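Have a look at the structure below before the remarks.
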Amino acid sequence: MNLQLLAQINSFLAALVLLSAFAMLSQRKINGLVTLFAWQGLFLSINTAVVGYVAAKHHLYISSLLTLSIKVILLPYILHVLVVRLKIKKEMETIVNIPTMMMIGIALVLFSYKLTAPVREMSTLITRSTLAVALATVMIGLLMMITRKHAVTQIIGFLAMENGLFFAATSATYGMPLVVELGVALDVLIAAFIFGIFFFQISTTFDSLSVKQMESLREDN
Amino acid sequence: MTLLILIITPLAASLILAFIGNRRFAPEINIFCSMLTFTAGIALALDVYRNGQIITGEKFFFVDAFSVYLTVLTSFVSMTTAVFSLRYMQREREHGRVGRRRMRFYHAMFQLFIFAMLLCLLANNIGVLWIAMELATLSTVLLVSLYRTPNAIEAAWKYFILCGVGISQALFGTVLLYFAAEKIIGEGGEALLWTNLIEVSGRLEPTILSLAFVFLVVGYGTKVGLVPLHNWLPDAHSEGPTPISAVLSGLLLNVALYALVRFKVLVDGSTHTHYAGNIMMGFGIVSMLVASFSILRQRDIKRMFSYSSIEHMGIATFAFGLGGSIATFGALLHMLMHSLTKSSIFFTVGHTCQMHQTQEIAKIKGLFKGDPFVGWTLMFGSMAIAGMPPFGIFTSEFLILTAAIKDVPMLVPFILIGLVAAFAGLLRKVQYMVTGDVPSYSKSIQAARAPVILHMSLVLILAFYIPNFLNKWFQTAVELLK
Amino acid sequence: MISPIELSTFSVVAFIIPILFVILIGNNRRLLICISFSVSALACLINVVSGIMAVAFGKTEHVILPIGLPSLPFHLRLDPLSGFFLFVIGLLSFFVSIYSIGYVSGLAGDKPIKRLIVFYNIFIAAMIMVCLADDALIFLVAWEVMAAASYFLVMFEDGRSENRRAAYLYMVMAHIGAVLILLSFGVMAGFSTGFEGYTFDAMREANLPLKWATVAFLLSFFGFSAKAGVIPMHVWLPEAHPVAPSNVSALMSGVMLKTAIYGIIRITFDIIKVFPWWWGAMALAFGLVSAVMGVLFALMQHDLKKLLAYHSVENIGIILIGIGLSMIFTSFHLPIMAALALIAGLYHTMNHAMFKGLLFMGAGAVINATHERNMDEMGGLIHLMPWTSSFFLVGCISISALPPFNGFVSEWLTFQAFLLSPSMPIPLMKLLIPLGAALLALTGALAAACFVKVYGVIFLGNWRGHNHPVVTEAAWSMRIGMMLTALTCLCLGILPTIIIDLMDSISERLVHAKLSSSSGIYGWMWLTPIDPERASYSGPLVFIGIIAVCAITYFMLHVKPGKVTRVPVWDCGFQKLTPKMQYTAVSFAMPFRRIFGFLFDIKEQVWMSPQQGHCAFPVKTNYYLRVRDRFWGWIYRPIIDIVVLMSRKAGMLQHGRIHMYLIYSFVTIIFLLALL
Amino acid sequence: MKLLHLIFIEILQVLIVIFAAPAFVGWVDMLKCWSQGRTSAGVMQQYRNIAKLFVKDVVMANNASWIFRFTPYLVFSTGVMVASVIPIISTNLFLAPSADIIVLIGIFATARFFIALASLDIGTAFGGMGASREMMIASLTEPAMLMAIFTVSLTGGSTSLLHIVRAFTSGVVVVRPSIMFASIAFALVVIAEAGRVPVDNPSTHLELTMVHEAMILEYSGRHLALIEWGAMIKFFLFVTLGIACFLPWGIAATDDLVSIVISVFLMVVKLIVAGSVLVLIETGMAKMRLFRLTEFLGAAFLMSTLGLIFFFILE
């Protein structure tokens, strides 16, 4: 296959990642969120594999496999189990209403496009244009954490940010060195276990998983 | 070799304690391992002192003057904390705040935390540095929520989320840095090695690096506790068990600042401006102002001292940002003095809280009469932390301030206000706690004196006499960083 | 032959011995007090000796201690100026230490004596180190240790809330002052490179541009005046001195304030050296305001120690007047006049140390005996405490600047300095400065009035109080301490010439002129500054003359024994004369309240309780008076309010909502990226 | 020989002062009586009073302390001390350098200090009232007096009386505005210091008005005599001080007998004049309320300050 096509595939997948990010932003149902997160992971791992093929970097295959196993299979499974176990109610209310979030999201995309301009100029990689998308994904993940009131959604936002970062690494530099990739993956795993424990602690201490109740530590004015 | 021992010991210890951490002699094991770590640290220090900086393990590890003194400090404070936590946690168990299984967890995580911090300090690879930093966060998150009270869980959750987000920003910054570096050094692991980066820092692309520094400063700054990224810090410090508060504000903040300073050197090296320095100065001033004014109206003793940690990190950040030989020297000294003093204060605070069964300042009274040792150490510790001689923090603040009025006179009034406000706030609360009559509900406890005395005397001695090796390290570090 | 500076350094070490005693024989109270305070007294005596040597030889010696920062070891230096202050500190501390033996034993048993002894010694040692310091670091270390030690001494009775409040206020003010001083050192060190810049020698070398010199001077001036209690930085002083143990207040008011004067002189005359005249004018203005306001505030008090504290404000003002004049003269290159003014200031420094120490010791004795600080509850103690009363009288006369005692000499010298103002090139100053002299005269007269009140109300008349404690004469060691101080006051008043000739070495170094070279043709009996034609005062002759005439008249009238009939007080036929009808401190000060009332925030109420029978005879009349310092409301209240507001605002950042926290970091990123 | 001579002059002057003071006061009283159309008791009346008091016994309150007994002697001796310093009949007094004007004021202040203490000693309301008022008046007079003296000593270039007198007498006689104003101020101050109408009324015992009398109310016998005498000496000295400062011409510069006699004669003339001037003022004005005194003394202060300002502006 020629590079042209691969580049197009790459940017197409990038578009899908961003799309899934937006979808998550607008998704109300928690199961839907988990599914979308899985999809995002899937696109990401395919993309990584493609880039690995393009750049002939074999460690990228490994990281793509890692992504597949952790972010597509493991984490969604854990989340799903938790959702079932803790009987989390399906509907998630958001702080800001959906259309506004969309607007903000688009603004973020433009912003990150502007930001990554110097990188694009410098870079010679075929993936360089997708860096903007990666940064946008990170930002949208952060936005999601900000606007959702629920612990699980915040975690998903967090993981979406991780996805974005991973994507950024791939697109900007054909991925970090393997040791770093592994380390990051390990951290994500530990994080996953920790928030697993957390969900139980929270739901046992407070009656629900809503972050709303956790505002007691404050300077009482 | 010593280096490997230094790294492996805490890791192995955490593994062992993960299984036998609930036994009767577990704390002793904990102490023993920390002592082993400390001796290894000393050995490493001597090694560095003799033959300068070390690069081993296929350039994986890198030790220079800056990191070695922090390494020794880390291992030392972790050792004294382990000693302190022996009796402290025992009493916590007697009060039924923690169960046996959680003791196991506590010991394991404690050692893991030490391991993570040492890895941060010794890693040559900035990617590994990031990983270790994340590990340090993760290992302490569940320690903060050890008591499982609603507040503890809330604090831990905030700690987890905020630091997680912050650290992800840092990763993005690292990616950008890697991107800029690989242009010059070439692909693969080489481009992430600090030793290579510092050599080529002049040739790195300035725009990318300044872009990267934004994410790095927000990322690591969150862990340093710079305002307005600090909100997790008071909660985590006040709700966790006291030994953890001690190591968090005594060591973790230092390590995060260490990372930040490393990157600052890189960025300013490439931009040839004072860009990173200015940002750090700004963060420093804001942090110390906000923190000082927050101290004034604290009702919780541990919260108050965690705010003072924010203040001091602000001062140190400001000083590093200021640059110049005297300011940098002062900043290095300040990191050392602060972590010694602050951890000893937290030990004392732990005793105080256990005596009065509360962290509320309003309920703590008459320490001079009740337990002179605790009272006076708390008084002197607070005076030291507030920058009164004859304690070391005064010396470092003296250097920083005088350097500041030389270079940035316009900023000095803000520092002045901050320092005085912090002093007034601390003194007010502490004076209230130490004076007066002993309340009925306060019961006397057997305080762990050794760590406190050790720390305070170190702070006192180092104010008047800085041993030669330390001085040599500081000077080389100054050359490296200024 | 051991050199003075070695002596002093040794003495500083010697102050550790009493602290060791506390550890060793802490349980034996009496023994501990006796031994430890006598050791401190000896250590102080060493400094008296070394001080005299330093001033007399006029040599300057350096010592570099092996401790401190690696590239900045502690530099010590003893020159005549610091020698003079060592002498003053040592002498008063010597007297006070003797006094303390009795005083501290007289304190109630539950008081934390050990704490007192430990910090007492640290305090004195720190003051000595301040005078010896020759680089910024050790100076500030000693300065702050001094502040901290005195803080703990003020907090001696930490059970009482007023002690805590006073100590807190004092410590905060002291710390603000210290930081200001630190910054001024920073400015001066900024003009030479590296760590060596922090030594005073380097600062002397570095010739600052005027702008920076001014900054440094202003910083240090206000820093030091916060410690000296110059108005409006005086608020801590009348709070802290009353609540401290009296031997401590004697030291704080007598010598600790003087270290601030030392600092001002050191920085202006020794380190900066060249300055415009308006610096001096500023010092002069602050001095005058402090002097007048201080004495007026004092007049309004009826708490004995508070009154004395306000008098410290006044006297610091007088000292500043001398120094300010000297600065003005120096800036106009009039060395001999500068020398006169400087000596006047320094001499008053020493005098104030002595008589204020004496007065506080006396106050301590009285308060120990009566357990009462409110003068309006006292009276007639002269019959019960003859020794204390006579020593206290000496103090009163000295502080009221009456010949032939020492206070008068220094004020006389200051007046002489004022009279030299016409030789200044600036017309306006020529006109204004003599008005300052008028203010000084007013101060003197008011001080006299105030101490007539003090002595009259405490020692004369009859006991006014409700409770009648058994009042006994002070312990012997207290009496000795006070007697020595009183004698010193008299000697300083009668034989000023000798001491002033000694002090030439100081003025020679600082303003390059001697006084004795101008005077001295009359010899030790006549004090003739500048020129015997201008002015002359002979303490001995006045003293001897007055005493002689008294004696002669006495004997002439008692050639045949004069009969003295003792009768009850003539009550004008009104039968019910009670002690309550005596004038009290409040009523004595009434005319002054009427005249100078506009300066204070006065709240005065009189109300008659329900009357029965004839309306002219109310059953009971209540009188309420509250005199407040206006400065608190003018300056400090607003500042405190602002700080509280700021802290509330800072607290609002921590509102507990994690979303907002995330937004913070988000916004921070956006902001920083926008900065790019 | 020379020394003997000096000592002789010194003693002579002191004696003159001591014994002339009552006469001067008597003269003033006499003038006053005449001006008020009363028959006077003559110049010698004050001598009779003093003599009478000396022979009387001392009656003292039970709680009078040593201060009460010591004060009269001190008051008297300060008067004598000052008398030996002010150049009245001659300018070569060997004791004169031992005290300049400021010291003189100081010495008088000492005397006042002790009187005030003594008046508080018994613990009656009168005493306290007197002391409080006296000290208040003193604190207001002192600045005015000092400013007046400043003007003089700036003109004379010295604060020691000898040199002021020499400076004036040696120079040609000029009318200086500064000196004029200063002298007026000084006159007002003398009235206040000596406790004459309108500041104080020596011949009243009405508690609302009395100041000096209230202080010495408890005294009797020789003590009272000494105090009264001391007060007279003080009054006399203040007048002579004024003379020495403002019209010193004629005070003997050489110590031959002739010039001394002349100067004594001149002094007597000056005193007579000064006394009558004072009487004019006293009879012209009524006793002031206590808190009006601020205005009176304020005027004195203003005068002296004007004098000072004129010294700098016009000369």
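Order as written gives the chain letters A, B, C and D; numbering starts at 1 within each chain.
Just so we're on the same page, contacts are C-beta pairs under 8 Å (C-beta built on N, C-alpha and C of every residue); 3 or more make two chains touch, one makes a residue touch a chain.
Here the structure is a predicted model, which means the values were calculated and not measured.
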Most central chain, judged by mean Cα position vs. mean of all protein Cα atoms, is C
In whole angstrom, the CA-centroid distance of subunit A from subunit B equals 31
Chain centres from averaged Cα atoms put subunit C and subunit D apart, in whole Å, by 35
The distance between the C-alpha centres of subunit A and subunit D, rounded to whole Å, is 101
Expressed in whole Å, how far the mean CA point of subunit A lies from that of subunit C is 70
Residues of subunit A that touch at least two other chains are 115, 142, 145, 154, 211, 214-217, 219-220
The positions of subunit B in contact with two or more other chains are 157-158, 161, 165, 207, 211, 234, 294, 297
Chain pairs that touch, by label, are A-B, A-C, B-C, C-D
Listed in rising order, the residues of subunit B that touch subunit A in the complex are 125, 127-128, 130-131, 134-135, 138, 141-142, 145, 148-151, 153-158, 160-161, 164-165, 168, 171-172, 174-176, 178-180, 182-183, 187-189, 192, 205, 207-208, 211, 234-235, 238-239, 294, 297, 299
Listed in rising order, subunit C residues that touch subunit D in their complex are 379-380, 382-383, 393, 397, 400-403, 408, 412, 415-416, 418-419, 422, 427, 430-431, 434-435, 437-439, 441-442, 444-446, 448-449, 451-453, 455-457, 460-462, 522, 526, 528, 532-538, 541-542, 545-550, 553-554, 557, 562-570, 577, 579, 581-583, 587-592, 594-595
In the complex, subunit D touches subunit C at residues 54, 57-67, 70, 73-74, 76-78, 80-81, 84, 95, 97-100, 102-103, 106-107, 109-110, 112-113, 116-117, 120-125, 127-129, 131-133, 135-136, 138-147, 150, 153-154, 157-160, 163, 218, 221-222, 226, 290-291, 294, 301, 305, 308-309, 312
The answer for subunit C against subunit A in the complex is residues 648, 650-659, 662-663, 666, 670, 673
Within their complex, subunit B touches subunit C through residues 157-158, 161-162, 165-166, 169, 207, 210-211, 214-215, 217-218, 222, 227-229, 231-232, 234, 279, 289-291, 293-294, 296-297, 325-326, 368, 383, 388-390, 394-395, 398, 401-406, 412, 416, 419-421, 423-425, 427-428, 431-432, 434-437, 463-466, 468, 471
